[in-house]
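Worksheet for the structure shown next.
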Amino acid sequence: MSPEPLDIQTPSGTFEISIDVRWGDMDALRHVNNTAYFRYFEEARVRLFAAMGLDGADGRYGVLAHASCDFLKPLMYPARVVVGMKPARVGRTSLELDCWIADAGDPGTLHARGRNVLVCAEAATGRPLPWTDADRQALGRCFAV
Amino acid sequence: MSPEPLDIQTPSGTFEISIDVRWGDMDALRHVNNTAYFRYFEEARVRLFAAMGLDGADGRYGVLAHASCDFLKPLMYPARVVVGMKPARVGRTSLELDCWIADAGDPGTLHARGRNVLVCAEAATGRPLPWTDADRQALGRCFAV
Amino acid sequence: MSPEPLDIQTPSGTFEISIDVRWGDMDALRHVNNTAYFRYFEEARVRLFAAMGLDGADGRYGVLAHASCDFLKPLMYPARVVVGMKPARVGRTSLELDCWIADAGDPGTLHARGRNVLVCAEAATGRPLPWTDADRQALGRCFAV
Amino acid sequence: MSPEPLDIQTPSGTFEISIDVRWGDMDALRHVNNTAYFRYFEEARVRLFAAMGLDGADGRYGVLAHASCDFLKPLMYPARVVVGMKPARVGRTSLELDCWIADAGDPGTLHARGRNVLVCAEAATGRPLPWTDADRQALGRCFAV
């Protein structure tokens, strides 16, 4: 599959939310389980989509095509984390996001770094839909510098 | 960080387990949630480590350094899936695994494909430990063709 | 709220499924987390409803009105558990179930005992719907002695 | 088993925390899954124990002996909930808590009401330990009116 053409207007700001780690996010090794990192990314994606007005109400939703994570430093409970996202590439129907997780009290130290690739899809059929001009403007607002 | 030297004896077989999808693995979009895919990979890793004799009892455990997943085809409940793993690379202290998830009733159709990187670590300190000859022999047995 | 009239034809058999405990069901105390017990009950309810033909396809579904659990004996990974259910009371629109969790390899030793109360509801409105004669016959089949 | 003698000094105040509902707490019925309610109760218990100084560091921890929940009103995402607890009974080694979940924006409307019974246990053996005078004073502080 050849790559989608690069969008020259990829916004350069970041989108951030904060999440309270729950005790139940830990596993038997007594640190936050790897699946919780992907849950934190998911929460950020959902809020990003809501901020963009892509909440499913208009018959479109965001499908996760790829997710990856480098686990850099264990997370312990209790903690409040910042989950950040920054567009790496805006394709015709896709959005590639650089993601990271840092401690809210020490934002310079990263606990994880990853990549999420989303595809805008038609709810009824699951088929990819091109981003509209309104979507691109919304992206620009959500990732304003 | 320069890559670890390749181990020429990377075993070529696969390690497979099967998992019953639970209704609760689905999310509000009515298909299996992305975090469940990483949970399935985790279960396979844990059973692989138990099969290798690396169950934490000897003061060593496997640390997940990286996980990625391409979501190829939605999974619905009910289902029984096969989770497969195959070494892509055995480093001095690390193990890189190609992973996949298929329907047990239709093993030729992949639902997901991913990569997991594990590091053998000392439980007391978290420091990486080189694989022993016994570990490499155990790997060979677990991934026998 | 006065109790619903007792149904004299409460079936006396049990409905059982088995579930593989996942490593990720454990928590930081290194035993299966309390929420996993309710997940196991949920899985049994869902399969019971499917066996009764109440899978949502006919515009009705089962709503959980109450759940309780006595945690009798910690569960550790790895394990395969049997989740059992037995009607305690069949009301006009409700089904009260005695539930238990035992080790599949040692079914006489209970790890948990609980109670689930389900209400049959209209999917469109959420309003309770009386069980039909067909439902009661299906209950009788699922809980046959 | 005869009930433990009532402690006449059961404190009469409440202990409350707030929790952000996550998108992933919802299930395929598009409302917050029943197991998430027990996770919210768990988070409140853990923070209560930390506030009481019972964080496991002194060789004691709180074991959940019983949990129940009446599901009164579905919870949807997004939401911020208040989880409240109030001692119903303080036994020699146990603590019985009335629990509830309300919307933080509408605290008068309950989404759930339940009961949690905790037992103070010795970490090494799991055996019940009597509350100390210091514990009872801590309880009084945590549940001050």
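To keep things simple, chains are lettered A, B, C and D as they appear, and every chain counts its residues starting from 1.
Quick note on the criterion: a residue touches a chain if its C-beta (ideal position, glycine included) is under 8 Å from a C-beta of that chain, and two chains touch if they have at least 3 such contacts.
Source: prediction; values computed, not measured.
Chemist: Among the chains, which has its CA centre at the largest distance from chain D's?
Modeler: B
Chemist: Could you let me know which interface, A-D or C-D, is made of more C-beta pairs in contact?
Modeler: The greater number of contacts lies at C-D.
Chemist: Centre to centre, by mean C-alpha position, how many angstrom separate chain A and chain D?
Modeler: Going by mean C-alpha positions, chain A sits 32 Å from chain D.
Chemist: Could you tell me the distance, in whole angstrom, between the mean C-alpha positions of chain C and chain D?
Modeler: 24
Chemist: Give the residues of chain D touching no fewer than two other chains, as numbers and ranges.
Modeler: Residues 23-24, 33, 35, 39, 42 of chain D touch two or more partner chains.
Chemist: Mind listing the chain D positions that touch chain A in their complex?
Modeler: Chain D residues touching chain A: 19-20, 22-24, 39, 42-43, 46, 50, 78.
Chemist: Give the list of chain D residues in touch with chain B in this complex.
Modeler: 23-24, 26-28, 30, 33, 35, 77
Chemist: Show me the residue ranges of chain C that touch chain D in the complex, using the header's touch definition.
Modeler: Interface residues on chain C, with respect to chain D: 29, 33-36, 38-39, 42, 61, 63-71, 74, 115, 126.
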